[in-house]
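Two complexes are shown next, each including chain A; its partner changes from chain B in the first to chain C in the second.
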Partner chain A sequence: MLKNYLKIAWKVLLRRKFFTFISLFGISFTLMVLMVATSLMDHTFGPQMPERETDELLFVSMMREEHSEGYSSSGPASYYFLDRNVRTLQTPEQVSINSMFFQVNSYINNRKLALDIKYTDREFWDILDFEFLEGGAFGQQEVAGASRVAIINETTRNKYFGEGKAVGKTIEVDQVKYKVVGVVKDVPVLRLYSYADVWVPITLKSQDFNKPGYRGLYFATIKAQNPADIPNIKAEYAAMLHEIERQHPVKGTKLSSFPDTTLEGFARTLLGGGKKSGMGFLYVILAGLAFLFMLLPTINLVSINISRIMERSSEIGLRKAFGATSSNIIGQFIVENIFLTLLGGILGFALSAAVLKLINDSGVIVYANLGLNLRVFAWGLLLSLIFGLISGVYPAYRMSRLKAVEALKGGSK
Partner chain B sequence: MIRHLFKLIWNRKRSNFLLITEIFFCFLVLFAVLSLIVYNVRNYNKPLGFKHENVWLLTMRPDTDSTALNRQTLEQILQRTKGFQEIESVSLTNSNAPFAFSQMTTNLTYGQKEIKTDQFEVQDDFAEVMQMQVSKGRWFGPADNGAHHKPIVISKALERQLFEGEDPIGKVLPRNDSSSYQVVGVVDHYRPSSEYTAEEPAFFNRIYLPENEDEFYGEILMRVKPGMGVEFEERMVKALSGIGKGWTMEVATLEKMRQNKEKVSKVPMIALAIICGFLILNVALGLFGVLWYNINRRNSEIGLRRAVGASSSQVYRQFIGEVLVLATFGLVLGVAFAIQFPLLQVFDVESTVYFIALGIAVGMIYLLAVGCAFYPSRQAAAIHPAIALHEE
Partner chain C sequence: MITLKNIEKVYQTKTIETVALHNVNLHIPKGEFVSVMGPSGCGKSTLLNIMGLLDEPTNGIVEIDGLPISRYKDKELAHIRNQKLGFVFQSYHLINDLSVLDNVELPLLYRTGVSAAETRRLALTALEKVGLSARTKHYPTQLSGGQRQRVAIARALIGQPEIILADEPTGNLDSVMGEEIMNILLNLNRHDGTSIVMVTHDENMAMKTERLIRFFDGQQVSDAKTSAYDYQKV
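Now for the complex of A and B:
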């Protein structure tokens, strides 16, 4: 039965090529835009190098301090706070403290390289999965001794040293000389908590270590033993923060800071005002945007589909005369439409691959490496099916209501 | 006649409903995207109020907390920059330098009025560095040392909102409980945030180092001689790093910062325009297909009209007219919706922007409708009555 439907659908597609072109153009472009958006989301929040085990990772990126007199400040947390209170948490497997990235300059052969530098501890390299092209991470000894060693990314190596090996050579950044111990693949700038061009030991910033206060320039990256431990870590973190608030000498001081996944962190900063979760709101907004965007192409497809009903009225009349029920016909038309949208989906997939390459090459997003993978493909498939169903149901309903006699006569109002 | 037309459309509401909704949504999308583009283009064409070519920004981050020590080093660095032949003039500034991603606002009160305004803290030479044009009064300078009130220069946008036609020069505004500002000059424009943002009220507050003793300023704006490149930059940073040992220093040209800012405004605009263009193309193709199909189905009606004496141009006009009426229905709905934006002032945007966008959107939709109906209508007009009736 299904095979017959598909055969008919294929013949119908070939019959009126112009209409087929319009339908496919609309479907494939709509799905392309949606897939590019999905890929961008996946690239920012999904498991990608170096944050591969996203379901075991949490990031502490914000600390909001509110005093009873109405004064408040927010931003990254201080080393002092993270070192004393977050590193000592019991539930996580490992905790890393690292600075945000700072832009600094490096000069070579009358050229200037604007580099982003990040100060990290040893755990940073254990928790995250960087892809080393040569050399390796700096060890506990180098961190403890505040050695001037650096790990650089591929682009920096090529710009500074040319194509050759860099490990063992010296790079001068912000008037300080570092010995290169490792080279890693570029990390996209959208990975805010791991991204940098140059990573150096955090102990080189030891003047920050004993500054009391809650606000500073540091992030914490927390790794759980397994995904099921995540709620426990969040609970322990909240209890720890509550205890600090209770012991705070100034009564009425309110601290808000949360270990979040990248997506949760994004939603909290943007939509939750840094305090509430904002995840529900984010999903509503995303679904709303996708719906609004799909609305016009869907209406368009529906109106084209309805026009095409008339072409097929004699076929429908015949099937009805031989005893097909309305639901048979609805079923057939929906299958046909899903077939069409899946075809458009494949085209859209090819188109989005081209567009993603264009975005990668344009350098709009620094070190972007947007690509299609199974997750994006699955989303694309799901979106195609939804799109096919929505745009197929109403025309199929109209179609099934044709009276056999009228349909055979070849007309309907 | 109008009632008759309305009745005609109403009778075919089922088949026309989808086309009207399509035009309605298409109009809304166009209106939204055009509003954004018109807003940005109008801003882009307004003067910035300063010249950013050959201006560099040096950002410094000290490595200690001691303000007294940092201030000492800062003053030495400032002295050293003035010593370079290649640098024409320098001025300290807060982090809200032109094209930076940082903003500082405060409230100013005059009489009963309170206005939220951008505040820029700069030195006397800032006017020279950024080549500001003072249209009324003067820029602050050494003459203000020891003045009773803190001298400020305001922008025309602030003058309009705060003083409403009164002469602002010499007016005294409260700063805090113990001190006041005095307006000494007015500049025509100052729009530092980006070329695409609207002008906000602004005023310049004077940095006079001997008086602001416990303040630290981490940024220096400097106008260099034309043609200075990385070679000089490296030499300068080396020299200054020798003074501020352990400080992090970073130099950016304002031109580079402008490009960054431009990217932030332009990339979403281009992405939106492409998506909007695709949606419209999609709708145009769909409209064309549906019209073509519908008109082809009305062969017998056309044949009959031709047979009783209608000329082919009359048939042609009938179909174009029908499409225009259809488009008008969608547009009336759409305009009724869109007009709420200027009426309710949902966003803080001039009404003119909306009206220009509205006009262009309406024009484009009509053009789209006529363009899509053009070919099918011509085909319909070319139908020979004898053949059409024969087919029937």
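Now for the complex of A and C:
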């Protein structure tokens, strides 16, 4: 039966070339936009190099201090706070403290090269899964001794040293010379907590270490032993913060800081308030946007489908006359529609691949390496199926309700 | 086989009420070839649609094999149509996007327990019966009217129905082709024992059948055995 349905579906597509083009264009364009969006989401929040184990990673990126007098300040936390209170947490497997990235300049043959530098400890390299092209990470000894060593990314190596090896050579950044000990693959700028062009030991910023206060220029990257430990880490963090608040010399000062996943961090910055991460709200907004975006082409496809199916009312009448039930008819048109949307899906994939390549090549997102991986593919496939079902069910249901005799006459109902 | 008791069919619009059938009582026994005649609009096709469970009567009872089917649901009606009934239409109603073979196989798609190989075998046998074995891969648009109607007959008989309902099967054909189709139907009736109810405008065709029922203004006006019906002639 399926073979028969597919044969018919294929013939109908070939027969009505204009309708087919409009339908396929609508489906593939919608899917393309959704897949590019999914790819961007995946690229920013999904498990990607170097943050591969996203379900075991938390990031502390913000500290908000509200004073009883009514003013407040927020931004990254201080090294002082993170070192004394976060590094000492019991539940995490490992904690790293690392700086934000700062824009600095380097010069090659009198040509300025703008670079982003990040200061990290040794744990940063243990927790995150960078892909080393040359050399390796700096060790505990180099961090402890504030050695002028650097890990650079591939693009910086190519720009600074050409295509050859860089390990062992010296790079001058912001008028400081560093010995290159490792070269890693580029990390996209959207990975805010890991991204940089040059990574150097955090001890080179030791002037920040003893600055008291809660606000500063540092992040903490926390690794849990397993995903199940995440809530325990959050609970311990909250208790620690509560205790600090309680002991604060200025009564009434409120501190807000959370160890979040990258997505939670994004949601909290954008939509959160108080202790709420805003994740639920973010999901509602994303689902709403996806729904609205799919709604128009779906309605369009429904109306195209209705007229396309109406033309085939005599076929429906005939099938009913020879024993097709209403559910058989619904099944047939849903199969046909899913076939059409899957075709649109394939086209959508090709379009998405082209657009993603365009984004990657354009440099709009620094070091973007957007691609259609298995996860994005699965999402695309799921979206195609949902699209096919939604736009096929109503016309199929309408047609299945036609009485055989009316359908044979041409579907006057 | 099929019994109609006090069948009424009224088409109602906002302003007009049209009586298509009035107080029709009929019994079609197994193996009979019945023709139905009457002027256009007298209710012949409506009668056939009701017999074929494609349409519902406004009043009255339709019985198939002694069972009243008035309260049957869509699924049960579909099952009866698939198992017991076969249809031949004046305008063939073939699916142009499917090959001759695929068209003939259609009724068996809705029958459970028939394998694809068996379906193919039965379709080829049915096409052989109507003399179209050489056209299996053709598409309906590549065939003449007579050939199309033969495909439609093969499709009607593939499921070995107990009764074939034919609505002016020769209406669109010239006399030679009409004759061919009529002979196929007579053969089916006499050799396979299939009951046939045929609506026709053609007196000559009707006289070849066993029984002729005449309709006028939605009412049955005569019902008699035909004198010309002769088994030996076929």
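Simple rule for what comes next: the second predicted complex is superposed on the first by the 407 of 413 C-alpha atoms of A that agree within 3 Å, B and C clash if a C-alpha of one lies under 4 Å from a C-alpha of the other, contacts with A are read in each partner's own complex, and residues count from 1 in each chain.
By definition in this document, a residue touches a chain if its C-beta (ideal position, glycine included) is under 8 Å from a C-beta of that chain, and two chains touch if they have at least 3 such contacts.
Just so it is clear, the model here is predicted, and its values are computed rather than measured.
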Chain C versus chain B on the shared chain A, clash or fit after superposition: fit
First, second, both or neither for A:Lys17, with chain B first and chain C second: neither
Chain B versus chain C as contact partner of A:Met1, first or second or both or neither: second
Dominant contact partner of chain A by residue count, chain C or chain B: B
Partner chain in contact with A:Lys251 - chain B first, chain C second, else both or neither: neither
After the two structures are overlaid on chain A, angle v-u-w for chain B, chain A, chain C in degrees (C-alpha centres, nearest 10): 100
Which of chain B and chain C A:Ala321 touches, first, second, both or neither: second
After superposition on chain A, the shortest CA separation from chain B to chain C (Å): 14
Residues on chain A lying within both footprints (that of chain B and that of chain C): none
Chain B partner contacts - residues on chain A that touch it in the complex: 18-19, 22, 25-26, 29-30, 33, 102-105, 107, 110-112, 114, 174-175, 207, 211, 293, 295-297, 299-304, 306-308, 310, 364
Parts of chain A lying in touch with chain C, wherever the complex brings them together: 1, 3-4, 7-8, 11-12, 15, 314-315, 317-328, 403-405, 408
Residues on chain B engaged by chain A in the complex (per definition of touch): 15, 18-19, 21-22, 25-26, 29, 61, 63-65, 229-231, 233-234, 237-238, 241, 248-252, 263, 267, 275, 278-279, 282-283, 285-286, 288-290, 293-294, 297
Chain C residues within the chain A interface of the complex: 49, 52, 54-55, 74-75, 78-79, 81-83, 85-87, 89, 93, 95, 97-98, 102, 105-107, 109-111, 116, 155, 159
